[in-house]
Amino acid sequence: MHTSLWLSLLLVIPLAGAALIVGLRASDHLARVIGITAAALELALTVVVALAYRASHTVGSGSTTTVFDFTYRKVLAPSLGVAYDVGVDGISLFLVALTALVILLALVGANESRRTPAFVAWLLVLMTATIGAFATRDMLSFFLFFELTLIPSYFLIAGWGGSQRAAAALKFFVYTLFGSGFLLVGMVYIAVRHQHVFGGDLTFAMSALKETPLSSGVATWIMIGFLIAFGIKSPIFPLHTWSPLAYAEAPIAGSMVLSALLAKLGTYGLLRFAVGLLPQSLDNVRPVVLTLAVIGILYGSGLAAVSKELKKVVAYSSMAQVGFIVLGIFAGSQIATSGAVLLMFNHGVITAGLFLLIGGIERRRGTSTISALSGLQGPAPVLAALFTVVMLASIGLPGLSGFVSELLVLLGSFNAHPWWAVVATTGVIFAALYLLWAYQRVFHGEATGENASIPDATTAERWVLAPIIVLVVVLGVYPAPLLNKINPSTHAIVSHSTPQGVSR
Amino acid sequence: MTIPESWFLILAAVIFGIGMFGLLTRRSALIMFMCIELMLNAVNLTFVTFSRSLHDIGGQASVFFILVVAAAEVTVGLAIVVAIFRRRQSTAVDELSELRG
Amino acid sequence: MIAMTTTWPDLIVFIAAAAMAVIGALGIITYRNPVHSALSLILTLLGVAIAFLEQEAHFLAAVQVIVYCGAIVVLFLFVIMFLGVDNQEDVTIEPLVAQRPMAYASVVVTMVGILAMLSRGGWSTGAQVATGASPSGAENVQAVGSAVFTTYLFAFEATAALLIIAVVGAVLLARRDRTGESISEGADA
Amino acid sequence: MIAKVAQLAMPSVHYLAIAPILVLLGGSLILMFVTAMTRARVSAVVATSVTVVTAASAFVLAFFQWRDVSIHGSTTTLAHAIALDGFGVLASAAIALGVGLTALVAHDWAHRARVVGAEFHILVLASASGAMMMAQANDLIVIFLGLEILSIGLYVLVAFDRHRSGSAEAALKYFLLGGFASAIFIYGVALTYGGAGSTNLSSIAYFLAHNFILQPGVLVAGLGLMLVGFAFKVAAVPFHVWSPDVYEGAPAPVTGYMASIVKVGAFAAVLRVIFGALTTQSESWRPLVWGLVVLSTLVGAAVALVQRNIKRLLAYSSISQAGFMLLGLWSASPSGVAGTLYYVVTYLPVVIATFAVVTLVGGEGETGHDLDHYRGLARRQPLLGAALAVLLLSQAGAPFTTGFFAKFAVITSAVDAGGSWLAVIAMVAAAIGGFFYVRLVLSLYSDDEGSGVRVAVPRLTGLVVAIGSISAVLFGVWPGPIANLAHHVYLLLP
Amino acid sequence: MSNLILAAGDPLYVFGVNLAVFIIAALKVLVAFGALMGCVTLMIWFERKVISDMQSRIGPNRWGPFGLLQTLADGIKLFFKEDLIPAQADRFTFKLAPYLALIPALITFSIVPVGGTVTVAHHTFLLQVADPPIGILLLLAMSGLSVYGVILAGWSSGSKYPLISSVRASAQMISYEAALGMTVVTVVLATGSLSTHDIVTSQAHGVWHWNLIRLGIVPFVLFLISITAELNRPPFDVVEAESELVGGFHTEYSSIRFALFFLAEFMNTITMSAVMVTLFFGGPAGYVPNIPHIQWVFPILWFLGKTTLFCFAYVWFRAALPRFRYDQLMDLGWKRLIPLSLAWMLLVAGFIISPAWGFALAALSLVASTFLTRAFDIGLNREAGPDSVLPTVGERPLPPYILRKLTDGDDQ
């Protein structure tokens, strides 16, 4: 066990940075410096945490395994069950790292020149909120941080977005808030049941809530609530309608955060709480959820194919990827679950890269509409090369990171639920189709008009994308370090959620 | 002493209802005040009737307090009317055009 | 005490009281002239006072007449005359669309509801807590007095606060604004 | 004759129990005395300091009361008319705090609005004593009197701005509907008296606990009417029609006072009466409260969406908040009581501070209440804007503000009481509500400054705004103290 | 209505009361009414005669001995005069008002004990029409009701001066009723009963037990002043100040209705004199010589004598005192009488408990009155800032009504 100080530091540093920026009335430059310093510090810390992380050994006769590290719990208000409770396991560990990385990249690569201090401050607040949500073992704390992410992301979209930013932010906000109502009530219900059964103070500690006996019917209702809440955030198929507008209207940093981080909050919630806390309901909802995931994959792919804008292509492809993640989470096999976790991380990295690149194009051309772009390969070969690598990873080309995770998901789910896996596999093909098609339209062909004179990737851009490329390649080849840390945690969850034991 | 309590209760309820109706339909502030007084009177009658049927003096004591409250309310209410009338020569609530509900 | 047969004098007194009260109440809400409404209010008040008397609440009957008729309605009349608002209110104009039907509906619902509740409760109270008959005659005054000064002592003290705040408020509101500013503003409005 | 005097068994008085009430009334009387005995108008500084000192003393007395309660348990005094229990102590302390904050805001406001003299403070102190009576009352008649003291003070306060005709008109409207509500409430009291044989809450509870009422018609009608009366006072839908107009017409500091103190007093009373005394009749009143909760939360939030005037918007927001507060009552459980109390107590500084900002932005003559005036406020005045943003977010129930834990507390109690669906409805309403708060917050940070102007922030008002927003965040991050207080007071309820 | 009930069946059964008691009660009412009516005619004559004597005139002297029948003649004359109702009048209220003025005066008299007890046909009864348990409260109730006659008469005339008179009357009567009530309370405190009979019997043991002495003279003086104001008698007759308001509230009245007002006023004078005697002068108490069979006559004579004294006092006031100005009248009521009556009530209450309490409350009252006096003084001269402009006409603040017209005139 390591001290929780590391995690507390992770929560405090960005907030301190934001407070510093606001308090000092920092200039644009100073704000950027503070922001990047804080984010870099954060990233360094997460690396330390990730390296130091050890899942502790099986406790007792193998019924429970404590996979959390860096834990600390302090009850703040016993009557309300409010507690400060931190800790990471193999699942959240890499999501925390992802958060630090994506925010740092956003600060470096997708900075806004307008009202920079506020922008940086909001991003830092968002960082705390997201890391807080990932790094807690208490469901109420998770909910608090989960909700808190709304405010900075709302302001990021509404403050720095495109022409329809107000509507987009609003739609995003209302949808998510609406969903979280169900989450809150469901979560409170479980906690209250727990208190009724076991007595004592109200508690939202996940280890406690896991033990709450719920009838399958009640669990299903709560599960539906959770699915709505997390499904909106992710987004899962019928609840996705806010996302295209929000992704398209948000500033690049906003899109990065939305797709790389906030969507992961949703899928993380599904894994941790929907699957982790409500195993009784899984049999009831699994067919529906798997179907929705598969529909999401196909539907997202289809829409991505016909999208006229690069941002929307990536947005819909994200939706398809989320479909894979959900498929993996609900497949009920440990392999698929590990794959889903890995895919969360990888997709976060890849999509951040894609948005960064689109941001680069947008900065050069002032638009990301596909029809306005053509033949960019000629004037900007490095940019095109970078785009190719990231895109191929997204498609799931063997040897790149996307492949490993998608393979694990499909493999795992094929063992348990072959039909859905088979249909989902076609999604991979679709992804290749629409992304390559978009790539072709944008980069190949004759560079006409302004397209002919765009500058190639700057040194800064290359440096920003370098870590992404490295991660994409390294994890594509050698994902074991991550999987080694992920597996005990997914094992814990899957073994809890499938009474008959872990299916391979 | 021998009229059934229920008769008084019905009488009180009827007076209360009439007062309520007047309050909701009339527009003159003064008449609305009077309707409030009417309702309070119905309450008084109810209290006295229950006081009789319960053989408990508490109900009558309560009426005493309601009377005080009625007096205090009227004082302030009429003062408000006077204050408003200083500005406008009307007490019809509708003509208080600055606020629309 | 006589058995629960209604005797003629009681009945007649009750009918008179009820008629006074109800006719007065209807008068308040139908007369167009506030002064006539005030007169109707007096009729109701006297009717209620008689109903008090019939239920042996002598003290309250007297206080009712003194406070209501002697002070409250006089105050009403004073204000009506002071302001000269005894003009006729046109009741045919609907102040708000559907306000009248709504008022009918809500009053009917409330009244029917209350009466139904009361009749469902057998018109009687659920409780018979007290000891013996409620004092009548001279003892009534004494009983009310001792209740006010023992059981309701705090309430009695609270009325002091109530009256203070009412007096301060009334004086404050009705006091002429000596700055003269509001008058000129009123002219603008 | 003298023998008759001696016969009266005067009830014993536990002065500590009524000390805060007496202190407030005493402060009010001192101010009146000073006003009467000085030749010139009483200076605003004197009036404000007397009020603040009085409120502070009442607040401090609450600590002694609390100690007394922890040692001796909850007691009643003055012939059981007044209860001394943790519940009342906490509510009284909150009221004292509200008085102090209001006095500070009013000090600056009075200066700008050319309102001179100590009468404002006299009325605030006296009416707050009424709210305290409601919070500590153990008798329906005392509650009624407290309600009237509070209301009559407010009628006058609403009409206080003599330079604006809307003020007096709002007062008239408030008065008429307030009188209506009082009449309905007291009719309910009368019927309850008939049904349970007493106006004393302990007696009612005792009677109902030891008798099974086969035909509770009278009692049900009584409690229904009382509930309607309370619903009027706290502006729960469908008895809310007065509140937007009155909020708009009243001077802004008074609106803040009204939105806070009335809620504390009325909810303390409603919990005592409906939950405390009539707890055995819960199957009768819970459906009614259910309806009030659903309508208030939904209608309040939905109608607020289309408001253009900040005061009307806050009025509807306050209606929605009242719906949430009723949720704790609906739960009819100790945790529900604690939840509502926690909600009310934490809402108080927030709403007073919010209206303090509204007072500032409204400016002289209260002409600046259009939402346009708030556009870009945080750009012009970052601190004020940020404070307002925090206050609004707290009312929206944003995480890490007191507003969240308040909502969380009542939701928890509702779920605990089997009201998951009600909780879901309330949360949906909160989502709708969250939308208009956040939209307003966003417009604070808008680049386009609309018709907004820079407003001066006087020191005392600034202090109140700071207290409100800091408390919103501080107790939002660290809800323990107040939540524990609220949780423990239930144990001391009679 | 009573005949109807009598016809309905055996009255003894129906009422549960003795027929004799009923007859006695009916007789009492009739006798009291008749006697009062007779006294009123005498009173009018008396007043005119006394005033003319005081003004060195002769007064009515044509009809009957000493002009005793003059009132009767005036009544007949009024009765045959044309009955005018102004076109602007509110007809129903206009007709109603005189009765509203008359009836309370009659009812009030019913609680006045005019003598001791008399035994007729084995029934001992009091020489007063009724002795209700609320006793003296009836006086307050009726004095509250009597104001309506004046207010409504003035208002319904549809004429300016009567209306002003109405407004004045309502304000004046509310103002003085508080002081009146408080002085009555002191009497009740001393007696421990509301019943007028008890009040009288508690004073029966000699002059030193009269409330006048027992309570200190002050309550009596307060009561006298307030009741005079309630009656609208000089010097408090601003309601019918003929120099300002033509005839006051009854300007537009003529014929029999006017006569009714006149009747009411004098009946009130007699009734209130009687009440005063009852409350402070022991009512019928006095020396009763031991002459068999007619012992009951002496208390009545004592009562009549004392009452006549007060009737004379009223007439004397009218002849001797100038009328108050309206604002002086209000000042007197609110700033002098109410605090004083309140203080004296506390004093009496204190001394009833124990002398220590009495002195303590006396000290308290003194301190309070000192402060109050100063507060009134300050209030009168308070500087409300440079912009406090109270329009004055000839150094004299205007009555509110006119003030409003002056200042708000530009509103319309």
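Letters A, B, C, D and E name the chains as they come in the text, with residue numbers starting at 1 for each one.
Going forward, a residue touches a chain if its C-beta (ideal position, glycine included) is under 8 Å from a C-beta of that chain, and two chains touch if they have at least 3 such contacts.
In this text, all values refer to a predicted model and were calculated from it rather than measured experimentally.
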Components of the interchain contact network lacking chain D: A | B, C, E
Contact-graph separation of chain A and chain B, given in steps at minimum: 2
Most remote chain, CA-based centroid, reference being chain E: A
Comparison of D-E and B-C (more C-beta pairs in contact): B-C
Chain whose average C-alpha position is farthest from chain C's own: A
Chain closest to the middle [Cα centroid of all protein chains]: D
Chain C and chain D, separation of their C-alpha mean positions in angstrom: 29
Centre-of-Cα separation between chain C and chain A, whole angstrom: 68
Inter-centroid spacing, chain E versus chain B (mean Cα positions, whole Å): 30
Rounded Å distance, chain A centre to chain E centre (Cα mean): 91
Residues of chain C engaged with two or more neighbouring chains: 2, 7, 59, 63, 71, 75, 82, 114, 118-119, 124-125, 127-130, 140, 151-152, 155, 159, 162, 165-166, 169-170, 172-173, 176, 179, 181-183, 186, 189
Chain B residues counted as touching two or more neighbouring chains: 16, 19-20, 33, 49-50, 53-54, 56, 58, 61-62, 65, 69, 72-73, 76, 79-81, 83, 86-88, 93
Of all residues in chain D, those that touch chain A in their complex: 335, 338, 382, 386, 393, 398-400, 404-405, 408-409, 411-412, 415-416, 420, 423-424, 426-428, 430-432, 434-435, 438-439, 442, 445, 478-480, 483-484, 486-488
Residue ranges of chain D in contact with chain C within the complex: 4, 7-11, 18, 25, 28-29, 32, 78-79, 81-82, 114, 119, 122-123, 126-127, 129-130, 133, 139, 141-142, 145-146, 148-149, 152-153, 155-156, 159-160, 162-163, 165, 168, 171, 191, 194-198, 200, 203, 207, 211, 213, 215-221, 224-225
Complex contact set, residues of chain E against chain C: 1, 5, 8, 14-16, 90, 92-93, 96, 132-134, 137-138, 140-141, 143-145, 147-148, 151-152, 155-156, 163, 166-167, 170-171, 173-174, 177, 181, 193-195, 384-385, 387-390, 400-401, 403, 407-408, 410-411
List of chain D residues in touch with chain B within their complex: 141, 144-145, 148, 152, 155-156, 159, 162, 165-166, 168-173, 175-176, 179-180, 182-184, 186-187, 189-191, 193-194, 197-199, 241-242, 244-245, 248-249
Chain E - residues contacting chain D, complex: 191-192, 352-353, 371, 374-375, 378-379, 381-385
